[in-house]
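Chains: A, B and C, in written order; residue numbering restarts at 1 for each.
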């Protein structure tokens, strides 16, 4: 039985990991390096990311490139929630990993993992296109380690602990909400033998 | 009879409010446009900015002059050298620091190469927004060569951190200058290739001729500068009018156009690319035979600027970039204010879009060459 | 108003001269400088607002004017009170001042009279406080999740 599951796993994950379609979410300087990666010298299409979809409904990877401010945060959360499962996030650039050089600014969110779950962190300011391709390869390796028995957990998704305020342009804390994140983040070796069926991975 | 069919007479259609949201496949950045459409005619447009406001001006008050210098590259990331030069110029004038002639030539060389790479990216993305996908790959390929030259010189592809107060970080070598000269030799043919496929293309000409005309009066009222102003017929270039560095010793022309429509703005930037190549080859020829000291003699981390204020003006690829620095005698600036060219191009956009049709939106907006981090700072 | 002071302003030698003007005379001075053929300062480059400090208790506004024909620049400086900052708007003279004034209202809280549509430009509409003032402290509890 396990032989059947693991061979189905192999083909299923191989097909998914070799055709990840990202979504254009370029805010700032890292966006230009993302465009250079899709251009002729560092071709991202040879890794399977043939097209950059403009709408979140047709994409399965959100490369968040650029600084996220308080005004932009509701848009980012809405876009992430509109993407269909299974979805992945690469935090590209120092600003998205933890604020970058703007940590002491009044209007910058210090890292997008306060809002959405992140799979791969890619520091550097801005990362070279080779670094972005390296992070894509890491993501592909991570996808190949998944199994279809745990599929239900990935569909459960991420419930954020933030909500919109009454003017609908700022994200504020929503007290009483528990964040559920099903082990999509973490290091590469963790995952298959860990029992995640008990409940949320951590409380917010 | 045919007119009345399907109701295509003068019935008042319901107006529709469309939000071109902060995330969109266009490449200018996070600008939100709230359009009111009547069928296909744009009745009103309201730009909403501020999605990338990072607080550059407040951050300056918390950092020393040397700590603030790498941050300045990120204001206009496609023209990082111009903003760094504006800040360095203001501080050097306040602190009375002199530059050697070789430093000035190196600064002009790097700034003009940066202008060339900025215009190349603008060309690719302008045509991508209008629907043509192939020029993007050609211009990005050429831009890669400039970026690898910069990486060899400064260590970084985009945010260079190369200027210091009173000089540059290290000298340029003759090997690097030879590579720049080879690059300059093969560029004119490539610019001719771009013109061959774009300028006579009937679709491009129909979409951009007489679209988005900025009159001379409107350009002055809305404080438009740079190539957008010169396309309307007013010949003002700060490199010629108030020459800074050694621009008065270099031989180049400033192209202008007459009509002020999108096609003229495109043709003007192509002509500007050719002038950049002229300036670059003159600088390379001078730098090869004139060795001099370029490392600054000022102790950078301890720089204490005397009290005063100064405004420096630079001709950046998108307009005039002004930097106001007010110092109170300590090692940190008291107030820094940035004035960039794209800020006013966004302000004139609703006026240009009045009573035009929806497909003209990208033809007008793309030709204005707007970069949102410059607008929001 | 003695307009001879303006004749000595010239940025060619690199010096920074500014002329102090009363807030009530601001519109008169700017429209004279724009329409006079000798000065011809027809482009408003930017409006700069400086917070002179809590003890001094004043804001300073600097209007940076450029001339297209002569290439000269001029700086008009206005000082207003910090506790009730009001100043007449120059939108009727230079249309590009609209974005500048909205941004200064957003960052400093200076109210421009006769500017009919003053609103926050760069910060979200529900932001509390004026960020570029010297005594600004961000103690918004709603944003405590960002710490």
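To be clear about the criterion, contacts are C-beta pairs under 8 Å (C-beta built on N, C-alpha and C of every residue); 3 or more make two chains touch, one makes a residue touch a chain.
As the structure is a prediction and not an experimental result, all values here were calculated from the model.
J.: What chain sits nearest the middle when you go by CA atom centres?
T.: Per-chain C-alpha centroids ranked by distance to the global centroid put B first.
J.: Applying the document's contact definition, name the chain pair with more C-beta pairs in contact, B-C or A-B.
T.: If we tally the C-beta pairs in contact for B-C and A-B, the bigger total goes to A-B.
J.: Counting only Cα atoms for the centres, state how far chain A is from chain C in Å.
T.: Result: the chain centres lie 43 Å from each other.
J.: At what distance in angstrom does the C-alpha mean of chain C lie from that of chain B?
T.: 25
J.: Taking each chain's centre as its mean C-alpha position, how far apart are chain A and chain B in Å?
T.: 32
J.: By residue number and range, which residues of chain C touch two or more other chains?
T.: Residues 123-124, 131.
J.: Indicate the residues of chain B shared as contacts by at least two other chains.
T.: Each of 50, 53, 55, 58 in chain B touches at least two other chains.
J.: For chain A, jot down the residues that touch at least 2 other chains.
T.: 71, 106-107
J.: Please name which positions on chain B make contact with chain C in the complex.
T.: Residues 49-50, 53, 55, 57-58, 93, 220-223, 225, 234, 236, 241-242, 308-311, 313, 320, 322, 324, 326, 334-335, 337, 339, 343-344, 346-347, 376.
J.: Using the touch definition from the top, list the residues of chain A that touch chain B in their complex.
T.: Listed in rising order, the residues are 24-29, 31-33, 35-36, 39-41, 52, 54, 66-67, 69, 71-72, 75, 79, 101-102, 104-108, 125-126, 128.
J.: State the interface residues of chain C toward chain B in the complex, per the touch definition above.
T.: So the residues of chain C in touch with chain B come to 11-12, 14, 16, 42-46, 48, 50-51, 62, 64, 68, 71, 73, 75, 94-96, 98-99, 107, 120-124, 131-132.
J.: Can you list the residues on chain A that touch chain C in the complex?
T.: 70-71, 106-107, 109-110, 114, 161-162, 165-167, 169-173
J.: Going by the contact rule set out above, which residues of chain B touch chain A in the complex?
T.: 21-25, 27, 29-30, 50-55, 58-59, 62, 70-71, 74, 77-78, 121, 125, 136-138, 140-141, 143-144, 147, 157-159, 373
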